[in-house]
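Each structure below is given as structure tokens.
Each of the two complexes below includes chain A, the first together with chain B, the second together with chain C.
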Partner chain A sequence: MTVPRFATTSVRRATPRTLMILLLTALMAVSLVSLLIGAGSVGPGRALALLSGAQDSEARFIVWELRAPRTLIGIAVGMALGVAGALLQAVARNPLAEPGLLGVSAGAAFAVALALVLGASAATLRIPVAQLGALVGCVCVLSVARFRGVGNDPIRLVLAGAAFSGLLASLTSLILLYDQRAADEIRFWVIGSLAGRRLDDLFAVLPSMLIASVVVALIARPLAALALGERVASGLGHHPKLIRWLVVACVALLVGAATAIAGPIAFVGLVVPFVARAFAGPDIRRTLWFCLPIGPLMVLAADIISRVVVAPSELPLGVLTALCGAPVLIAVVRARRLPML
Partner chain B sequence: MPAFYGILSGGGENDSVPPLQGYWRFAWQGRHGANSLMFEQRAVVVNLGLFGALLLASVIYLSLGSVKVAPMAVLQALFGNADMMASFVVQELRLPRLAAAVSTGAAFALAGILMQTLARNRLATPGIIGIDNGATAFAVASIVGVGFSIAPPAMALAGATTAAVLTFGLAAGSGTQGYRFIVAGIGVGAVFGAVTQLMLARVAIDTANAAYPWTVGSLNARPSGALQLLMFGLALGLATAMALARSLTLLRFKDATASGLGVNVRRRRLEVLLLSVALTGLAVAVAGPVGMVGLIGPEIARSLSSSRSVPVLAATLAGALVMVLADLAGRTLLAPIEIPVGIVTAVVGGPWLLWILMRPQRSFT
Partner chain C sequence: MRVKTTLFKTRSMSAIFIKSGCLGMLCMLLSALVAGTAQARTLETAFGDVDIEGTPERVVTLYEGALDAAVAAGVTPLGAVTTRGGDNVAGYIEAHLGENLLAIMGVVREINIEAVLAQQPDLILAPAQLSDEQYQLLSRIAPTVVPLTQPLASDNWKDEARLYGEALNRQAAIAEAIEAVEDRAAEVAEALEKADVGGSTFLVRWMPGGPMVMSENLFAAGLLAQVGLDVQDGGLIGERGVHSDVLSLENLSQVDGDWLFLATLNEDGQAAVDAAKQSSAFTRLNVVQQDHVVPVDGQLWTSANGPLAAQAILDDIEAALLP
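On to the complex of A and B.
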């Protein structure tokens, strides 16, 4: 943060609003770029001409049928993962708690692979199964965090999560090796990508995302109280246990939904709240607001790059988020004092 | 330090040294005075036991598969008097793979225990702190030919070195103990993993398929020459590690203690680090990142051995044993589908790692 030490509160208060406007502008610009750029014959010029009213059926198909859904899905996935990361970090009181790193996404992916092997079809069952898997993963990791001593050390929790998600990932590939049909059905999903997703996928997850956002809106205030400590929160009339469970449910809904559309994507839930906290300061409510534009910004930018670098083929989205997230992880770990949440 | 008590006090002619508990001591009169040699009984038993288990597992490994060869026939085929089919299957198909399994397992485990001792951190195995991934990324780069194509082993060595420099460089401020070092290593590993994916996405599907085994760890595609190089390096590395065993035992203590007992700490550290990185690079060039063996092998060896010294040989044997069993399981469990050995070791080693992490914190190594 560039705000000088002597800045008065009024300056501080003005900054987030300006920042928010800047972020929203950037998000709109990135969305536009996402519509304009891609592999194939429809370049930015033709796409721009189409947007300004030219008659071009090929460009119309590519821009409105392929790129627009992809952009919308990218926005939804970014919001879900960013908010889920901020929530999980608040409830685990650990700046490194990230759904991808802690194995929540891997739990969702494993559940989907398992369901496919047991005979479900990918189209019908994926979302609830992914959410259930995410819930189980989330509960597992957080109960590990409550395990003797582990919770006191944020970094140890991350290690346990990394081990857990590595285990789930190899179990998933074991299942895929075992069952060729399941492998064919989800091969392009399990690596994490926005390519080829349709608008129907988005509509299918929209209800659970709406439910999650209502719940988040309701518990934002108690959550901010919880940041002051369990006793303070109880004293203010909240129920810490209930809040925790609601947060876990929200994280599972959000991460399960995002994973169901886009596959497991790591590091978004780490980077986005990290940046959002830098903008918003310690208040979880403000952080959550800032996650809303920053998450889509990161996912869309990564998606655009993944289309461009290896055109005409595509890069898994997780590759780019890992390239930008791992340095953030190292930076947080290297910091002398971990910021306690 | 019981080990030093015996050695320092030597053995006089009248052998006044009281017999040490748990050691076999051989004393004889040499030309320049009395000599004595001590073996820790438990270490001898453990090493012989592991070696026997490895031999047994090897025979089973050679006999099981899509064509079953009876264990007796395996022995006959090995020594040259069996029917054509059996000797072809055993000698031409399975023996090279067994050699690869034994030497990669041994190399990963040896590299693991060296790195753990060096960092005084039982989680600091090359696989966990990203050195495997670095070697993999560079080996894949040499296969998909990003501008420069050198033989995979050389590139794997370069990659292992790069990753080690990065991880240790990033940890320079905070030291290698504790979990921060490990998480920094995980970050380095994640970057290299992403780079590997990036390179695989850029090339034609055939080239990507040729490079795929490296990304999960498999004994299926062994580049020619890499295995010989690994066996040579392993023999050299094991001999060096055995020669360094006493310094390794002392390196577990504080730097001041170790140098007070006559160890040149900085030099030994550098030697051990180089050895571990080189072994990892060579092994990755053969089998890809099967880094969990580097965790499991030393864990088994430590649980069997006493804590008097660093069980270098036992860890090496245990690593080879684990690798042979894992590849055997991968070949036979879901036959005709073959599970890459990297996935088998990850499924077995993951819970083990979790268990280590969830135990209440104790001293490392």
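On to the complex of A and C.
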């Protein structure tokens, strides 16, 4: 994770177009690897033989029914979390604002856990409930950010978010104590994972992801203007308050959707925009574009590692993203000058 | 108690009549001998020898196996710990308790010492894995019987039940209950053989991410083996583990035997099977397509043990496997 400093000096000289092509190639390579490698007995050799036309029903099932869906879901989750992180950082004007760190994912997970205990069947209600929870989490965190003093200090916002996450985590534990039988089902909502998710889940969240991306496309230009300051943005004919609320809604839609299919996955929303900014420079529009390939890259890479380290079992994806993400957080905080957005 | 009073009396007597001191000693020895054959016994426990006299009446069980053994021996404890994942004792034992409601002493890993104290027990039956600190506290309340820790084996329950039975002074009742289990198992085994039912068997718990394979050394797995099924755990479990980690869906074929017992802590076992069937990795297994998946109550199958649990499990096996 030492890419950014290196990136800012030499890589930025390459044109964004070349960089984008490189990233997309890398994404395709990682997606292919994701089809080839798993915790089971079907290794790269058998999987490649299958892709080149061999008849192997076991391999066909594992590659197309298990690995292909989780690869697609990983791509969707990576895009959603990366973009949500970039949006939240832009609107909070804080490079540490991350859906996982600030309790937005925790809000979504808590809402789902609560719904499960109250008797909702997991499959039907999950997505709207997760999105509602994410929205509440988002609003709580950003209203904390508006307290005098806190908003100007990125680290204090993270502290407020950590306190909020801690509160939600303890409430989720309370639910576990209240209904221990639900514990196994809820444990999934404490640390996210891509294992065993079905394409149906992805299709169920696609509409809200599409809505969010349309809204993001519409507000990207005003959002860039907002980076110049509220007065400048108003002067250019934008409505800062409206934009902010639209961004919050988008973040809630995206994080809620990602959490509903994969559970809370921490730090993707921090690392991805961080790397994207190193490639793209300060312009939020370009950063958002770069988040699209970088998010899936990170999620898929972490997912592939999660499959092989403890085979024949799997590590939860959330554990690995936290392992990659925590050093980045420390690096950002320790940087001599905390970048302001 | 009788021994102590005798001792006290003889001492005061011997202080006055030195000559009759010898007689007093003899008296004491005799009474101790009589009490020894009838009442007092020394139990070999994990925390050394424990002396117990008479037939305890206020009994607290801090382990599901102890509760089972006590009820099988005809003793209704005052208090017990909850079943794993539940907020009361296991359903199968409630049926034996009838109207009697037991006070809850917490969960087996987190015993509520104050609740134990409130019952003023004269005997505490504790699990083999009781910690030293807890033993120190509990043994001040009442004699505390902790079975010797043994490596996980499917017939540990018999030794444990015998120890608890001895503590309760109901050795014969426990021996009878264990024998009844052996007889019943032999009966079921014979019936299964006649019906030509058998083959490789896995006992798993279904988690949202996939199955956890339960050890072939588990209590219930031992009973499955005893009735003639070939219980396996695929070598997925370490030396001391009770179950494997959640298996990757890519490795489900490793639990594809002739029979699959699917344990769940939820009341509705069928719901767990339905949840599992949402995964195409599960439905393509041979054992599922042959409809040889048996949903079982995880409270009974993966949490409880003892003679009554054994009978209930054998009933389940019979109901599921015999036409």
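Operating definition for what follows: the second predicted complex is superposed on the first by the 321 of 341 C-alpha atoms of A that agree within 3 Å, B and C clash if a C-alpha of one lies under 4 Å from a C-alpha of the other, contacts with A are read in each partner's own complex, and residues count from 1 in each chain.
Rule of thumb we're sticking to: contacts are C-beta pairs under 8 Å (C-beta built on N, C-alpha and C of every residue); 3 or more make two chains touch, one makes a residue touch a chain.
The model shown is predicted, which means the values in this text are computed figures rather than measured ones.
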**Combined model on chain A where chain B meets chain C, clash or fit** = clash
**Touch count on chain A, higher of chain B and chain C** = B
**Message:** So in the superposed three-chain picture, is A:S34 touching just chain B, just chain C, both, or none of them (first/second/both/neither)?
**Reply:** neither
**Request:** Check whether A:P327 is in contact with chain B, with chain C, with both or with neither, and answer first, second, both or neither.
**Result:** first
**Request:** Go through the superposed model and pick first if A:S105 touches only chain B, second if only chain C, both, or neither.
**Result:** neither
**Request:** Answer with first, second, both or neither: which of chain B and chain C does A:F164 touch in the superposed model?
**Result:** first
**Request:** With the two complexes superposed on chain A, say which partner A:V310 touches: chain B (first), chain C (second), both, or neither.
**Result:** both
**Region of chain C that runs into chain B when the structures are aligned on their shared chain, from 134-142, 206-214, 224-232 or 260-268** = 134-142
**Contact residues of chain A, present in both the chain B and the chain C interface** = 310, 313-314
**Request:** Under the touch definition given earlier, write down the residues of chain B that touch chain A in their complex.
**Result:** 123, 170, 173-174, 178-180, 182-184, 186-188, 190-191, 193-195, 197-198, 201-202, 216, 334, 337, 339, 342-343, 346-347, 350-351, 353-354, 357-358, 360-361
**Residues of chain A defined as touching chain C within the complex** = 38-42, 58, 61-62, 65-67, 123, 180-181, 183-185, 187-188, 193, 195-196, 198, 307, 310-314
**Message:** Under the stated contact criterion, what part of chain C meets chain A in this complex?
**Reply:** 85-87, 207-210, 236, 244-251, 253-254, 265-267, 278-281, 284
**Asked** Within the complex, which stretch of chain A touches chain B?
**Response** 96, 144, 147-150, 153, 155-156, 158-160, 162-164, 166-167, 169-171, 173-174, 177-178, 266-267, 309-310, 313-316, 318-320, 322-323, 325-327, 329-330, 333-334, 336
